[in-house]
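Both complexes shown next keep chain A, but they swap its partner, so chain B is in the first and chain C is in the second.
Our next item is the complex of A and B:
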């Protein structure tokens, strides 16, 4: 972040309680103007609560919220300069599309001519000019989502908040809307905060991702930084598709810069580490992404699995198998490979991409990107 | 919910079928009885005095429209009809205007004592009307509103509020909360959220409350009998009672049935206009 970088949204030490339950704990995030920030995490991790706190729909119990440098901690939602798109679209069913989009302006008592012009402008931008006289029930899911985005656009806010806006759409439409949202972000250049539990959405849309779990931030970083250098086991497991394999490995030797581990039924291999092990540790959790396996050539196998299920995706093959000791392994290899169920398959591992996690779940191999 | 479905005893398909047959039989029997009674009343309203006791469900040999004339003029239903229409319509409108905001606040606002207040409204439904005769009469006398349609209207509003608030509270609770949040972010005040978003969406609930109150108050007899003394202020149920007394001495049963037919027509019209919205209100969980 450079000195002249403008902070659009600043969340400082925010905490939120529901009775005795701590929903958000010590949340600290700075969002740069024009940034597309994605909050991601499993259900119940607090990402939607945080978004509602930013919007002012929930009061925070501690900390400060600033938008455009202004303290909005106690400000009412409509004075915060934010607009929100909801998961269920939240369109007013008794109003037409035009009335839905123009509603914020009507409440702000803007002149009718201005409302009409702004609604038409938003309709053109979102390609829904022909739908303005319809009611929400007469629209498809994708069209409803556009109207919801339109109602947010007409606010001309400092920050757009998206609360899982694509999760009610089918897979094809989701991809289409994802691209459109990215285009919209490029066109408006406005700060966007986007909540999702879909890590593919997070990876493809974000400038930076905030991974949340149990009301706390696990890691903040660029998508590839999280993929390549997850801070801990949770982030390694959450970011990346198919999910990372976690296998118990025996520690053969531990030096300052490398730890040699051995997987069940495999041969030992060294892994470069950036953190030292604290005390003697007989085993470590080894994290290997499915993409970092390859089919071993003669004698170069790091481990051998017994094949259980094979999925042919055309350009790649997913192989699900088990290591000796019943530990599951998922392998993703390029091209089409025909492997029989129950066959023994020799695999090589890209040692530079292997991750080691200590007993606290911290990644010992944070490599520079 | 999951807990309920897991612990609910599983019934065999035969038992389910038996239960369904029993339920459908009861509903059909009830519907058949109601329809048969109404058909009999309407048919009898067109028959002559001789025909009415002999022909049962047979069509009248000729339509005796003069029965309606007798009920309207001799039975003075023509004079009582506007009393009932104005009294009930005004009362229902006031009940809805008062109850809808109250129900919205009770269903959505967070404040200490909300549940107690809701329970007080529910408790209001349990008070038997005869218990209110003396206090209501005294209060109206003190307000100098005894024996007046305005006074009865106030009482109608008061006794309808508990049920209406209860009904609408359930309805408002079933509306999506995200719409409220969206309206707040769009700049609405609490009242604007209610006025522009929640109230229009509560149309089916309001229709349900409106129609149920209309039918109830249209047929209300006990309070009207106690509170209205002047013949000029009588409502249709009181008029019908007077008509019954008059007709039984002249054996003019068709005239009485014509009176009954005149009285049920407005409720059928109101139901026909609002029933679709009322049914959608019921299926949205407004009526439990």
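Our next item is the complex of A and C:
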């Protein structure tokens, strides 16, 4: 972040309680102007709560919220300069598309001619100008989504908030809308905060991702940074598809810059580490992404699995198997490989990509990107 | 074929009961209204539309009709208005939503006679709650009001009636308001909508179907209003409290002295039926709208 970057949204030490339950704990995020920030995490992690706090639909119990440098901690939603697209779209069923889009302007008592012109402009931008006289029930899911976005656009806010806006769409439409939203972000250049539980959406759309879990931030970073250098076991498991394999490895030796581990049924190999192990540890959790396996040549196996299921995807093959000791392993290899169920398969691991996690779940191998 | 027989089989008992206990008596009402008949014995004299001509010239009938229309319109405006107001207040996030809803609904589960006895005490000119309350806050003029005098008794009864019925319609309207998704209001909050704008642009249009049903139910209730004003009038219901329902009863069965003019009473019944029918058709016409999906 350079000195002249303008902070659009600043969330400082925010906490939120529901009775005795702490929904958000010590949340600290700065969003620069024009950034596409994605809040991602499993259900109940607090991402939607945080978004609702930013919008002013929920009050925070501690901390400060600033939008465009202005303290909006206790401002009502309409004074915050934000517009929100809801998961359910929240379109008014008794109003036409034009009335739905123009609703914020009507509330603001803008002249009718201005409302009409702005609605037409937004309609053109979102390619729904032909639907303006229809009711929401006459629209498809994707069209409703566009109307909901249109209602946010007409606000001309400082920040757009998207609360899982694609979760009600089918897979094909979701991909299409994802691209359109990215395009819209490029066109408007406005700050966008986007909540999703889908890590593919997060990876493909975000400038930066905030990974949340249990009301706390696990890690903030660019998509590839999170993929390559997860801070901990949770982020390593959440970011990346298929999910990271976690295997118990025996610690053979631990030096300042490297730890040598041995996987069940394999040979020991050294892994470069950036953190020191605290005290003697007989075993460590080894994280290996499915993409970083390869089929081992003769005698070079780091581990051997018994194949359970094979999925042919055409350009790649997903192999699900089990290590000795019933630990399941997913392997993603390029090309088409035919392996029989029950066969023993020797695998080699890219040692430079292996992650080691200590007993607190912290990644010991934070490599510079 | 089997499906058709099954449908017919399931519907027949209901149709028979409905036809025998509702449709047939309704048709007989029309028939009897053309006779001069006490309601007892075989002796009936066909008088054609004479009963209706008599109604047209009957001062008490017009008074009863006027009272009924006042209950329907004035009562309706207050009941629906208060039910909506209470709904908004109770739904505004205050403590004890269920408690207040129960309190407002309570009059509906208490016997009408008990309610009217309570209101008789409230309106009592000397020891009544209302006048005592007025006196205690220094409103001496108001505290001397004779609430049950011929000039005031109808409006005093109507005020009590509004209190009784508001709770029922509160429950109906609240059920309609509760089904509006919260994010509809949140989207309005983000746009900066005032309470009035949210009420006008979201709550009313999105509870339109519930409002229509509520109006229809109220029209039916108001036109056949009987028990509460009757009980309110205690032993001798004064004519100031007559509704069409009470007048029908009085003409059919009398007060202390039997009158037994069932033919004439059924003519009042026919007027009530036609009035209710016309009002319901008008309401449904005026409030017709597309069904909403949300």
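General remarks:
Methods note: the second predicted complex is superposed on the first by the 369 of 369 C-alpha atoms of A that agree within 3 Å, B and C clash if a C-alpha of one lies under 4 Å from a C-alpha of the other, contacts with A are read in each partner's own complex, and residues count from 1 in each chain.
Note that in this section contacts are C-beta pairs under 8 Å (C-beta built on N, C-alpha and C of every residue); 3 or more make two chains touch, one makes a residue touch a chain.
No experiment lies behind these values; they were computed from the predicted model shown.
Clashing of chain B with chain C is the outcome of superposition onto chain A. In the superposed pair of complexes, A:17 makes contact with neither chain B nor chain C.
Applying the stated contact rule after C-alpha superposition, one finds that A:137 touches chain C and leaves chain B untouched. Legend: residue contacts after superposition of the two complexes on their common chain; A:151 is shown touching both chain B and chain C.
Contacts of A:57 after superposition: both chain B and chain C are touched. Across the two superposed structures, the residue set of chain A contacted by chain B and also by chain C is 55-57, 77-78, 82-84, 86, 88, 90, 92-94, 103-104, 107-108, 151, 155. Residues 52, 55-57, 77-78, 82-84, 86-88, 90, 92-94, 103-104, 107-108, 151, 155 of chain A are the ones that touch chain B when the two sit in their complex. Remark: chain A residues 55-57, 76-79, 82-84, 86, 88, 90, 92-94, 103-104, 106-108, 135-137, 151, 155 touch chain C in the complex. Listed in rising order, the residues of chain C touching chain A in the complex are 181, 183-184, 186-193, 197, 201-202, 205-206, 208, 289-290, 292-294.
Of all residues in chain B, those touching chain A in their complex are 176, 178-179, 181-188, 192, 196-197, 200-201, 203.
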